[in-house]
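Please find the structures below.
Next come two complexes, and both contain subunit A; in the first it sits with subunit B, in the second with subunit C.
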Partner chain A sequence: MNLTENQIERYSRHIILQDIGGVGQEKILNSKVLIIGTGGLGAPAALYLAAAGVGTIGLVDGDVVDISNLQRQVIHFTPDIGVLKVESAKAKINQINPDVIVKTYAEFFTADNALVILKDYDFVIDGTDNFPAKFLINDACVMAKKPFSHGGILRFAGQTLTHTPGHACYRCVFNSPPPANAVPTCSQAGVLGAIAGMLGTIQAAEALKFITGVGELLVDRMLIFDAKSMNFRTVKLKKNPSCPLCGDTPKITSLIDYEQAVCDLKKG
Partner chain B sequence: MKLTLNGQNETLENETLTIEELLKIKDVKMPEMVTVEHNGEILDRAAFATTAVKEGDTLEFLYFMGGGSH
Partner chain C sequence: MLTFYTNDTVLILEQDQLEEDIAEFIKGQIDPIRFKAIRVAHGVYEQRQRDTYMIRIRCAAGGITPRQLKKTAELADAYGSGEVHFTTRQEVQVHDVLIENIMNVIRGLNEVELSSRGGGGNTIRNILTSADSGVDPEDVFDVDPYAIELTTRLINEPDSWNLPRKFKIAFSNNSKDTAYTQATCLGYVAEIRNGQKGFRVYCAGGMGAKPMVGHLLLEWIPDTQAYHVARALKVMFDKNGNRRSKFSNRIKFLWKKLEQDEFVRLFKLEFDPIKDDASLNLVLPDLKNEAKSSNLAKNPAQGDDYELWEKRFVFDQKQAGLKSVKVPLRLGDLLREDADSLCDFLAEMGENNIRCDRAQNMRLRNIPEAYLGNLYHIIKNMKQSLVQYPPFLSNMINCTGAQTCKLGICLPRGLSDAICERLGKSDLRLDEISDFKVNMSGCPNTCGMHHVADLGFFGKIGRKEAEIYPSYNVMAGAHVGQDGLMLYAQRVDEIPSKHVPDFLYDFLSVWIEDKKDYAGNYQKFLDEKGKDLIKTLCEKYRFVPTYEEDPEMFHDWGRDRRMTMDDMGTAECSAGMFDMIDVDKKQIEEMIKTIETVENKKETLYKIIFHSSRMLLVTRGLESKTETQAIELFAKHFVTAGLVNDRFQDVLTLAKLDLKDELLKHQALILDLGQTVVDLYKNMDDSLRFKTEKTEEIPGQNGPVVKDFRGVQCPMNFVKTKLALETLKSGDKLEVLLDNGEPIENVPNSIAQEGHKVLHKNKQAEGHWSVLIEKV
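Entry: the complex of A and B
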C-alpha cells in the first residue's frame, strides 16, 4: 500500500516522527482496533484512533446516548440523544476521517459473541464501565491471544494496563469481580469528565504504539493517576502463578457472563 | 517500622502488623475493593489476615476501578 498525496498531508505530523514515518503510518492504515464501550473512555479513544487513520475501527455498544453521557462522552453531541451510541460514533468518525472503515456492533459484549467479534482485530480497547464486562474482555482476549488495553476511572482517578499474550492479565491483579454491593455505582461515585479523556487517550496511544511497535507498552505495569494531585505512577506487575485464568493451574476454561453490577445511570 | 506504601515512604509505630491490620490503619473502608501487592507479589485475599508486614516491605494497594461506557 502506498500513501496518496492527500494521506501524506493528512498524516504529515505522524510521518515526520522518526519512530513512525511513512512505514508506521501504513501500519496504522492497515490496522484494526476494536473499541468495546463507546462511552467515557471509548469516545476519546475512537476520536484519536480515527484521526490517526486506523484502517478499521470496530465499535461495540448496545446503548443509546443519554443526556447524562454528554458531560464526558465527547464523540456524542446533544442532537444524538436517543441514538445508538455506535451509530452516533460512526457518524463522527466518518466526518473526521473518510479513510476509516467503521464496523458497528449494536449489542453488548457477552460470552456468546465475544470471540466471534474479537477474531478480526489486532488490538482491543476496554472502554466499558462494569466489572462483568471488564473480566469478560480480559478472559476473551487472553483466550484468543489478543492484546488489549484495560482502563478504569473513578471520581478523579484512573488506572490502565496493557496486556499482550504471555504477560500479566487483569485477573493476575484482580482475581475476580468485586461483590456487587461493594461497587460504588457510577451515579453514586461520579467522575470528572476530563479524567475519561485523559485515560481514553492513553489507551489510544497504547493502541498506536502496539500497531507501530514504537516504545514500551504498559505491559506488566499498571499506570495509576490521581488528577487531584496530578500524580502519575506506574506499579510493576508480573504474571501471577495463582491467576485463575493464565496461572499454573487455570480454573477458568470458558467465558463467563457475570451478573451485571449495579452501574446503570438510567436506573440510578 | 518503615515501609513503602503506594510509592511513599511511611513510618508506622507498630512493630508487628498483618496486611489486614495495615488496611485498617490506612482506613481502607472497603478492603474487598483492594488488591494488595506485597514486595511485588499479588496476595491472595485469604492471606490478608495471616501475612506479616516487615520492616522495609513495599506494598501497593490497587483498587478496582470501573468507569467508562455509561
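Entry: the complex of A and C
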C-alpha cells in the first residue's frame, strides 16, 4: 500500500465503497485520462476526475475562454475570459487536488496530432462539440485501441456511449458526419447549461468505472436522456460488421479531418 | 540550611552527561543544534557572541539566601562577567561564561544547592510569587511556601522534563496580582473563603509576540489542592499540547485551539480523579519571616540623605520591627564586591532575607529596624546601583536586548541608561511617580514585560529609505489586578530609539502635572489625554535624517556602531526537538538523493541507517550516546514496538555489528528505511503520536496482524481497517483495537457488511475494544 495518511483521508469515501477500497483508489491514482475539449462536457468531467485523484489528466483545447462559455463550462471563471481554456482548467484542477498531474495541449485535436497525444492515456473522454471531432476521436481511439466515452448534448438532450476495443464504435451506429450545417451546433441551437453537467459527470463516472473495473460500462449501449421530461433510456447497440472503421472489411485506414464550418470552430 | 527547592540526586547526576556532551561538542562530535537542545535544558544559553554562554539559575519564589548569592557572585567573578544578573523572572544569571567554564559554574552551584536545571527548555520554569509575599501588610497569606514546595515536587517528576513547551507558574499574595497570574500559564491568587486558605486559579495566559490574557480555570480551590491543579494541567498539556509548531505550543495556544469547554473538560479529566487524594497534598516548609539575633555592631545613620533613602526604599513589614528594603540595581546587575558586602551583612541577619523582583531589583526583608543604618551604609557604598536616583528609574524594566540576546533588535539596557541620564538629572519630580512602570523589550517578545507597563516599549527596525535605524513601538493602556480583569497594553505609535528619553521627559512632565487633577487615575488620563499626547509627541519626534546628515540616529543607545541585523539568530529557549529531527532528516534526504554518486557508498549506507535510527528517538524521550546505541534504541522502540516494519531488522543488525560491506547488498532496503522514517515523521501528529499502525507482522506464524486504531475517529477507523484487510489473504485474521462508543458500534458492522467475519469483540481493561476479524 502506498497511500499516504493524507490520501487515506482525502479518498476515504472512495475507500469505504466496497467495490473500490484502497486497491481501487490506487488504480485511480495511477490512471491517466485524456479529456478532449475543455468546454461544457470536459469541465465537469475534469473537475470530478481531479477530485477523484486521477493521477494524470491531459487537456486538449486550442480555444480561449469566452464570456458565452461561462453559462455551462463550470471550470472557467469570469476572470479567466481570454485565457487559454487548458490553462484556466489546469489552475482549477491544481487547486482541487495537488496530487493530479495536468498535461495541457493548447491545440485542437486533429488527424496530425491525434495518435501522438492519445498514446500515453488509459481512457479518453470526448468533450467536443462538433461532428468532425467526434468522428476523429472515434477513429483514432479505435485505431489506437483506446477506450473512450462519447458524449453529445444539444438543447435539453444528451447522449453518451462508451467504447472499449472489440465493441461497437461510434461509426458502427453513425456511418459518417452529417453535412456541415445540417445539424445545428450549441452555438446555433442553444443548450441548457445543467445538462452539460449531467452528461459530463456521466462520462467521468464511466472513466472511473473503467479504471477500477467496477460495474457495467455503457458498452454496446447508448444512453439518451431528455431533461424536459427527465426520461432516461438506453438503446442496445451491436458491433456492425459493415462498419467502415471496425467492420469486417474496413475502408477507413487513416485519420480524416472532416470539414467544419469556420464559425463553429470559433464559437464552440 | 534554608533552600528554596531541592534537586533529586538524579538531576545532579545528569550533569555528568552534560559534561561529556560539552567535551564532545568542543571536539566537534556533536552537532550545534543537538548541543543546543542539551544545554538549554540545563539553563545554558548561547549569547549573541559566539561560544559565549549565560547560565540561568532557578530561584523559586524569587528566593535566594545570602550564602547562595555570595557563591553565585564568586562564580560570576571567576568564570563570567563578574556580575550577578537579576532577571525579569525573579531568578539570577551568570553571563559571559566560556564553554570550558560552564561545568565549573554548574558544579560550583551544587555546593550551595542551587541549580540551573530547567532554566530553559520545555519544562517547569521558575515559579514566581509576589516579591513581598510573607512580609506585605496586605498579604492574604504568604504564598512563597507553595511555590517552594511545588517547585521541588514538579522538578523531581520525570514527566516534567519533556513538555510540549515551557510551563510557567505564578502565585499572587492578594488580588493586586503583582505576580501577573493572568499573564502566565498557570496562576494562583490567594483568597480565603470561610476561614479556609485557597486560590483563585487562572490559566493559559501569556505575553510574548501573541499575548493572551489568562482565563479563570477554577473559581476557588482549597490550598491543599494547589499541587493537584498543577499536576493535572501539566499532564493535560503533555497529552494535548502542540509539539509540532515551535511558535504555537504554549498552553495559551492550546486554550485557543480547544476553546474553553473542551480545554476545561480535558483538564477535569486529569483533575477530578486526583483532586481529593490527600496523599498528594504539598507538605509546606515552615518559612519564617524573622531575623536571627546578631552580635553585629549597629552602625546608625541619620541626616537628609538617609531620610530620603528611607522614604524611597524602605518599607514596613507586617512583622513589627522588621523592614523590607529595595536595592535598586542598575540594569539588574550586581557586582561581585557589592554582593559580598551585602551578603556578609545579610548572613548575620538570617537566611530568608533576599528576593528577586520582576523589576530586576533586589528585595531585602526581615531587617531589624535597628540595623537599617548598617544597610544604608553598605548600599550607599555599592560600586554600582541606582540608589542615588528616585525609585522610578530603578523600577524600569528592560530585557537584555541585542547586547546578549540573539533575538534582540534594540538595546534596552543602553536606553535605560540614557533615560537615567536624561531624567535623573532633570527637574522632573520623579518621586511623585515611583510606581509608574516604564518597561522595555528589545524585540516583540515580552522579556521586558512591555504588555503590563504604564508605558511600554518594544524594539522594531525603523527604515529610512534603504537604511535601518533602531526604533521602538510605544504601548499603553495596561490594567493589572484590583478588580480581577487584566488588560494588556496596546500599541499606540512608534518613535526612533534616540528620541525615547526626550519623549519620556515630555510625557512624564505632563502626567506629573496632571496627576492630581486625575486623582492619580492614570487610566482616565490615558483615555482622555494621554494617548493623544503620545501620538502628538511621536509626531514631534518622527523625523529621521539621512545617515549622512546624522549618523547618531542610526546608532542605538549604548552601541558605538551602526545598527545591524547580521548577528541575529534564532530563539534559544525553544530549542528543540524539531531542529534536532531536521538535522537527521536533511542528512537522510541528501544521502538518499546522492547515493549513486558518493565516493564511499557503504559508509553512506551506514550513515543512512544511523540517521534513520536517531531521527525520531527524541520523540520518545530517548537519547543515544553512540551510533550503535542509536540503532539499538531504534530497533527496540520503533521496530519491536511496531512503528516500523520489521523487515528492516536485518540491516539494523548488520549496521550494529559494523558489517558495512554487507550493507552494499541491501541498498534498496536501506534507502527504503530512510524514506520510511521520513514518512513516519510526516504522519506524526501534534502530540508526537504516529498515526501509523502498530505492527505489520506476517500473519500465520505469528498470529493475527494487530492494528491500533484507538484515537482514530469514524469513519477513518473503518477506512483503515479496510485498508489493513486488503493487504491480507482470504482466511487471514486481523485484530483491531477500537475506542469505546461510536467506533465499536460502527466499525464491526461495516466490516461484516462487506462480508468479513467478526470473530469476537472483547472489551479491554483500559476501556477500548479488541476486535478479531477473518478476511472473507
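Simple rule for what comes next: the second predicted complex is superposed on the first by the 260 of 268 C-alpha atoms of A that agree within 3 Å, B and C clash if a C-alpha of one lies under 4 Å from a C-alpha of the other, contacts with A are read in each partner's own complex, and residues count from 1 in each chain.
To be clear about the criterion, a contact is a pair of C-beta atoms (placed from the backbone, for glycine too) under 8 Å apart; a residue touches a chain by one contact, two chains touch by 3 or more.
Values in this document were obtained by computation on a predicted structure and should not be read as measured data.
When both complexes are overlaid on chain A, the residue A:193 reaches neither subunit B nor subunit C.
By the touch criterion stated above, A:12 is placed in contact with subunit C alone, subunit B being left untouched. In the superposition on chain A, A:63 makes contact with subunit B only, not with subunit C.
Looking at the superposed arrangement, the partner reaching more residues of subunit A, out of subunit B and subunit C, is B. In the superposition on chain A, A:247 makes contact with neither subunit B nor subunit C.
In the superposed pair of complexes, A:238 makes contact with subunit B only, with no contact to subunit C.
When the shared chain is aligned, subunit B comes close enough to touch A:127, but subunit C does not.
The contact surfaces that subunit B and subunit C form on subunit A in the two complexes do not overlap at any residue. Contacts from subunit A toward subunit C in the complex involve residues 1, 3-5, 8-9, 12, 15-16, 18, 21-23. Of all residues in subunit A, only 37-42, 61, 63, 69, 126-131, 133-134, 151-154, 157-159, 172-175, 178-179, 182-183, 186, 191, 195-196, 199, 222, 224, 233, 235-238, 240, 242, 261, 263-265 touch subunit B in the complex they form.
Those residues of subunit B that touch subunit A in the shared complex are 6-7, 30, 32-33, 35, 37, 40-42, 44-45, 60, 62-70. Those residues of subunit C lying in contact with subunit A across their complex are 679, 682-683, 691-692, 715-716, 718-720, 722-723, 726-727, 750, 753-754.
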